[in-house]
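Each of the next two complexes has chain A plus one more chain, namely chain B in the first and chain C in the second.
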Partner chain A sequence: MSAPIQRCKLCQTRSKSLLFSQLRYCNKSFSSSCKLNSATKHNQVEAWQPVIGLEIHAQIKANSKLFSRANTIFGGPTNSQVAFLDAALPGTLPVLNRRCVEAGVITALALGCQINKVSRFDRKHYFYADLPAGYQITQQNNAIANNGRFHYVQYGNKESDIREKAVTILQLQLEQDSGKSLHDDLDKQSLIDLNRAGCGLMEIVTAPEFHSGDEARSFVRDLRQLLVTLGTCDGKMSEGSLRVDANISVHKPGQPLGERAEVKNLNSLSSLKKTIEFEIKRQIAVIESGGRVINETRSFDLDTGETLPMRDKEVQLDYRFMPEPNLPPLRLYHRSDLKGAMHGDKVFIDDLEKNMPVLPQERRGNLMQNYGISMYKAAFIVTENLQDIYEELVSTRNVEAFTNFFINTVAARLLANELTLDQCPIPGKHIGYIYDQYKEENINLTVAEKLIDTLLADSSVDPKEHIRLENLWQINDVAQLTELCKTIIAENPKAVSKLKRGKDRAMNTLMASARKATGDRGNTRIINRIFKELIAQSEGRD
Partner chain B sequence: MAHIAGMFVIRSNQICSRLLNRQLFQCREKFKLPDKPEWIEIDPKALPPETVLDDSTIQLIERLSLVDFNNKEGVERLKSAIKYADQLCVVNTEGLEPMYSVQEHEELFLDEDVVREGNCKQEILRNAVKVEEDYFVTPPGNIPLKQKKLFDKEGS
Partner chain C sequence: MLSLSLREVLHLIKTEQISARDLLKKCIERATSVRELNAYITETHELAWSQVGLAPGKSELAGIPIAVKDNFCTRNIPTTCGSKMLDNYVPPYNATVVDRLLTSGAVLMGKTNMDEYAMGCGSIDSRYGPVRNPWKYKFQSSARSSVIIQSKEGPTSGGDWYIAGGSSGGSAVAVATGTCFGALGSDTGGSTRNPASYCGIVGLKPTYGSLSRYGLIPLVNSLDVPGILTKTVDDAALLLRIIAGRDVNDSTTVSESLHLTDLDDQPSVKGLHIGIPKEYNAPGLCGETRRAWEDVANALETAGACVSLVSLPHTQYSINTYSILCACEVASNMARYDGIEFGHRAEGNNMSTESLYAQSRHEGFNEVVRGRIFAGNYFLLRKNYRRYFQQALKVRRLISDDFTKVYGDGVDVLLTPTTLSVALPYSKFSMADNRTRTAEQDYFTQPINMA
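This part shows the complex of A and B:
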């Protein structure tokens, strides 16, 4: 039996110079994106393996809260979206929101989880001003779903460095959100707004299978896209709809896991990566200087990613979990469980599974399989939500050429204008027309880009009409271009002599003049060729 | 005439009460209630050792529960409560599913996702001791400590 394939644990490459001792690290240096000293080789830093697990709190996209029917709109007037239950006034009882349950089930199905048909709610006790009841209703021990798996994509420096990775989802549970507190340092007080208190959250707990801030960030990016596609969360991290807690520790491979520290409420992708990288380095520094990493909760600086200890760092929190006595178990059904009579009030897993939209990972796979494009290109198209229009147009055209045009021109213009196709829908046939004209050399690339910009500004424009009106057709007539080139050569003796001496950069001057003279409509390939021929001819004569 | 009716009432009462007794007797049979109270003495040796409450534990419990009991009477009361609860350890629960609520088999009602509550700011804020611009005012919360930079960002 041959030996199993071995790869460098950090960069995943197979290399002949791989050190096959227990270390399994290659001789490569870190890339510049890694903040560790770039001259350090992987095998010298084998000392430390970071281990990261994430807890993602995604606010469920629903009209009302999890256990009360108060509004959930972001930014509402202070304390105006608070029901009596949310303020923990005595005499109130929780009433579960059906939509939140459905959102939990749909998300769990998309994450490939095992749905628990009977789940229970628990109380998690701690004292804080933004938690009026003194406890949070959550699902600690018998959650709605366990044991899923999510595939995400991690980009590298080059297009070909893209990797698909997977992580185990340990648990998905429904829980209440707490209120929002603003800290007034000047007056030494906190201001509490309970509008958010009681909103439904899905807490998604991953196994500690990440080993870098970049992996964690890639995962959250793809998870966010999944949730937005499913419609169960609006993914607006800036509004706090998606918050991440990271549990970070370091250890030497082969040795037991180190003590972990937790960083809470990371709410942007960039600060997620920066903060995790900082915390890894901080822990390494603490251990190497003889200290001990404390199991504590730390907060972070938004700009620098530095982590800071919070005030009560010495005390271990004991949440005193107990079953929520006011709520019987939550039961989910398959249609086959209840035959005969109509049961409109129950949640059926089959119905939700039937109505699931196509998931991003599947769309990516479909594009790769149906058209043979690379994972990078497929991932890009799906991330920018362009797959429908792409599939509509690519089926009748040359795949490689059209894909490159689609990504480098169409999508690039969208991104440059900071727009999405949902915001300004250009009819597919117009994009197809522009591409076809470009392919047949009737318009050049610059004109194509300008046309896209025009259509983005006003999608009712007909590109054919526009080209005719603005006279944007490409000039392909060799005779006409030759005349033009002769004129330009006569007007630029210095550039011509530079070219003759072998300074190829002087061609740029000639090309620029040609572009100006033709109003950017000349066929640059032909012009370039004509210039070279004319100069060669004049050299022959001289 | 009246005394015949009276006799009839008395007779039917006797039949009723006998029927009721038989029902009660059958009920008792179903629930296996003993006729006389049965008392089980618990052997003190079967109980776990008495829990030791040192200062740090008491402080931790006070902090977690926000109950001030760090005096002789309070600690004694807590100790006796723990001792009383220790008797549960003697009960054999092998193979039994824990019962969390007598409502175990009730259907959990799922409400439609319609906004019907809230929009009662005045009522919500009515009991607050201090209010500022519609916010509840509380003592300062868990704020990160601003530390001097002990660790060089670029690594040692």
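This part shows the complex of A and C:
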């Protein structure tokens, strides 16, 4: 079967690939590495407005499942965490897990949603081997919360490009997760693991207010952090704790919305962005070549983000929603609703509200307001969960200088060692000490960085002792340094003459020698000044 | 001894005038001799012997034999719902109501026969064959035929027999023939009261939510109630007290504790307000039944009760509403029968999952079940939902309000017929299909299920 050879509309290469023969764009046009893609395509893409809505499935962090007592531990032996209900044995009935309800309420409050004091459960019917009952219990029509708003941060190319954006949260609903299936094409069999079947999920539905893969990714990144902070989801995307479905369409501004396609089960931030970007371009290409975008579910390639039509393309499924008759309506209360008698079995919204932790968005705002630092820096500190130690130390120090040191040195070393502060707690006072010594020019930056590394490896080390033992004090003595510089100048006539001719980069040679000679302890600022002075002096003489 | 009531026999055991073992032996003999009636799908006589041996003398039910309809899950005992789909299914747990009976000292005679998945009102649509009414039955084995009460007319010719009613026909027959002293059935639209009526015993449908449905394989989750079949009303009250009450495993059971009254030794009906719903005087109601209805009303009035005509105006819509709600829930509840985790799985290799499902379900379900699944799925389609299901829910509310109003107006008890006529012979009954028969015969019983 040979497809006709044609030229790509964009880059003119010849190609036979399937994608090409339908759309007349070659595969390269869709990869971010194609140079032509970014330059030329830009003009074409500009006219189109992408419209993206997301459905996030977050596994609730709870000891047992939404309606049964089975365990929820990830990676347990196959089919070892399956209650009778999860296998849909006849005669079993669902019993609602209180912790899951609380998690839903807490998350909804954090997303600024309106909590519905009465909500109901529905059955959503479809046949699939990983759904033993033939239906999923969910909350389609009367969910636990609606109409929220979530503020997230989108980074740009420069620090100052950072923006805070907001998206409307249409709904938060509680529902069951399905089991997992593995398809063995070789032996023509399917293997089903029901450990995950029945685990509690929060489905969070956003309005279609995103316009790029990057916005979507930024949102999911910040939402994930929120859920982890709240403790309602562990956010481990690689374990499937957080999965994203994206609904994508394109239209020209002012014209009606385009037909949308859906991509399901995106489970990493990078593939989320890549896949959405690919799909936007694909849809534009389809429409521009005279085709129509089909309302369908597409699968995706994890590495390239390329979307593909699914093998068994389903016509629109009718889920035949029906109220779940075995569960009474879920009622939530405020303390003021009920007086007197003990109500141990009821869930009170105000109790949960009182015990909520401070949210990332608020922490960001607090840092910006209290210390006047930029959104970028505040966002960074909060994202890395370093705000407590930062606030402890910055209050008695110069904000700008300390913040820069904290981010560029301390946090940078943490990230370089792939650690978080909770994994390797350095006592705040040590960090403060190191900074103070650096500020007073008693140690230089390289030494400061090495000290941080040392403390990360062993937090019991006392920095002052360590500096003394290893003789790491900075050499600030001008006389001593001047002698050294004179020696180096004498040893490097070539570099000196280059400098005199205006080639400033030759200074690096001199500085390198100075560093070596001082065992990296020389005050580079002073050394640099001395070099310049000495050379200027000798120039004058020449 | 086998024609005594549960309470009487319990008294004999507790006062050591008879032993539970002797009683069990007699019940087993009786069960064996009436096997032709096909009341039991699975007999558990061995188990009963082991249960009776565990010194139940001190327990509430002291070794009394009971039977359980085959749609209640019983641990390690096959539970089939009368269907090929669950032919090989052995549950790993007991239904709550079964558990409560067994821990109170009852012993299990077996799992009784029923219409497949409780769909039917004759107990003739079972994989294991129909249940036969003991009344006027001509036994092949003549040895014990004197036990069965013969009327002047004698059994109909040509091997015909009377239907036992359904869908809890097996349980009704088990009690009526003295093989046990109480049985569990289920009641969704009359499935306990109908066979009780045809077999001449007492059938109780308790109020929804007072008994746990955990382990009762559902027909319609929002209507099902475990039913109690016994020889006397007193017996039913005794069993109700034992098995009723909140169950954490069933979120639809009520938290309030039940208040069961004890009647005086000579109960009086003076001042009791009895309502006769005029809409229940339906066409098709046979003369004999109507006369019995009038006789009871008159007798009560003579004894001092206040009998008056009342109205339940939405009765005429009830059977259609019930049919729609039933079909929809059935379509949903039956979705789990795919042969993957349990139940019947079709033979054959290289089938796609979808074909496997379709084949298993086609082979496992009878026509009645398949018909209701089709209808239910049709009603639940998005385009149809409002017109059928949602509308039915609204009408259900009106029907329920009818009852609330009547009881609120001072009526204590409603007196109605149970079925349109006496038990029909099988030859006549089977001339119309299951759906037609259900629509006719459930007329009096299903409205209260929906309230």
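The criterion applied here is as follows: the second predicted complex is superposed on the first by the 495 of 542 C-alpha atoms of A that agree within 3 Å, B and C clash if a C-alpha of one lies under 4 Å from a C-alpha of the other, contacts with A are read in each partner's own complex, and residues count from 1 in each chain.
In the analysis below, contacts are C-beta pairs under 8 Å (C-beta built on N, C-alpha and C of every residue); 3 or more make two chains touch, one makes a residue touch a chain.
For clarity, every value in this text was computed on a predicted model and none was experimentally measured.
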**Item:** Combined model on chain A where chain B meets chain C, clash or fit
**Value:** clash
**Asked** Looking at the overlay, what does A:133 touch: chain B (first), chain C (second), both, or neither?
**Response** second
**Asked** Touching A:90, do we find chain B (first), chain C (second), both, or neither?
**Response** second
**Prompt:** Regarding the shared-chain residue A:321, is it in contact with chain B (first), chain C (second), both, or neither?
**Reply:** second
**Message:** Touch test for A:190: chain B only (first), chain C only (second), both, or neither?
**Reply:** both
**Message:** So in the superposed three-chain picture, is A:310 touching just chain B, just chain C, both, or none of them (first/second/both/neither)?
**Reply:** first
**Message:** Quick check on the superposed pair: does A:165 touch chain B, chain C, both, or neither? Answer first, second, both or neither.
**Reply:** neither
**Request:** Kindly classify A:64 by the partners it touches after superposition: chain B alone (first), chain C alone (second), both, or neither?
**Result:** first
**Message:** Once chain A of both complexes is superposed, is A:329 in touch with chain B (first), chain C (second), both, or neither?
**Reply:** first
**Request:** In the three-chain superposition, say which chain, chain B or chain C, touches more residues of chain A.
**Result:** B
**Message:** Contact-wise, after the overlay, does A:123 reach chain B, chain C, both or neither (first, second, both, neither)?
**Reply:** second
**Clashing chain B stretch [against chain C; choices 19-27, 55-63 or 145-153]** = 19-27
**Asked** What residues on chain A does chain C touch that chain B touches too?
**Response** 84, 87, 95-96, 125, 127-129, 188, 190, 192, 318, 320, 325, 327-328
**chain C-facing residues of chain A, complex** = 84, 87-96, 123, 125, 127-129, 132-135, 188, 190, 192, 318-322, 325-328
**Request:** Quick one: which bits of chain C touch chain A in the complex? Just the residue numbers, please.
**Result:** 72-73, 79, 81, 86, 89, 91-93, 95, 213-218, 220-222, 248-252, 328-329, 331-332, 334-336, 338, 340-342, 350, 353-354, 357, 377, 380-382, 385, 389
**Prompt:** What residues of chain A sit close enough to touch chain B in their complex?
**Reply:** 35-37, 62-64, 68-71, 77-87, 95-101, 120, 125, 127-130, 181-185, 188-194, 278, 281-282, 284-286, 288-289, 298-299, 306, 308-312, 315, 318, 320, 323, 325, 327-331, 345-347
**Prompt:** Which of the residues in chain B come into contact with chain A in the complex?
**Reply:** 60, 63-64, 66, 100-101, 103-121, 123-125, 132-147, 151-156
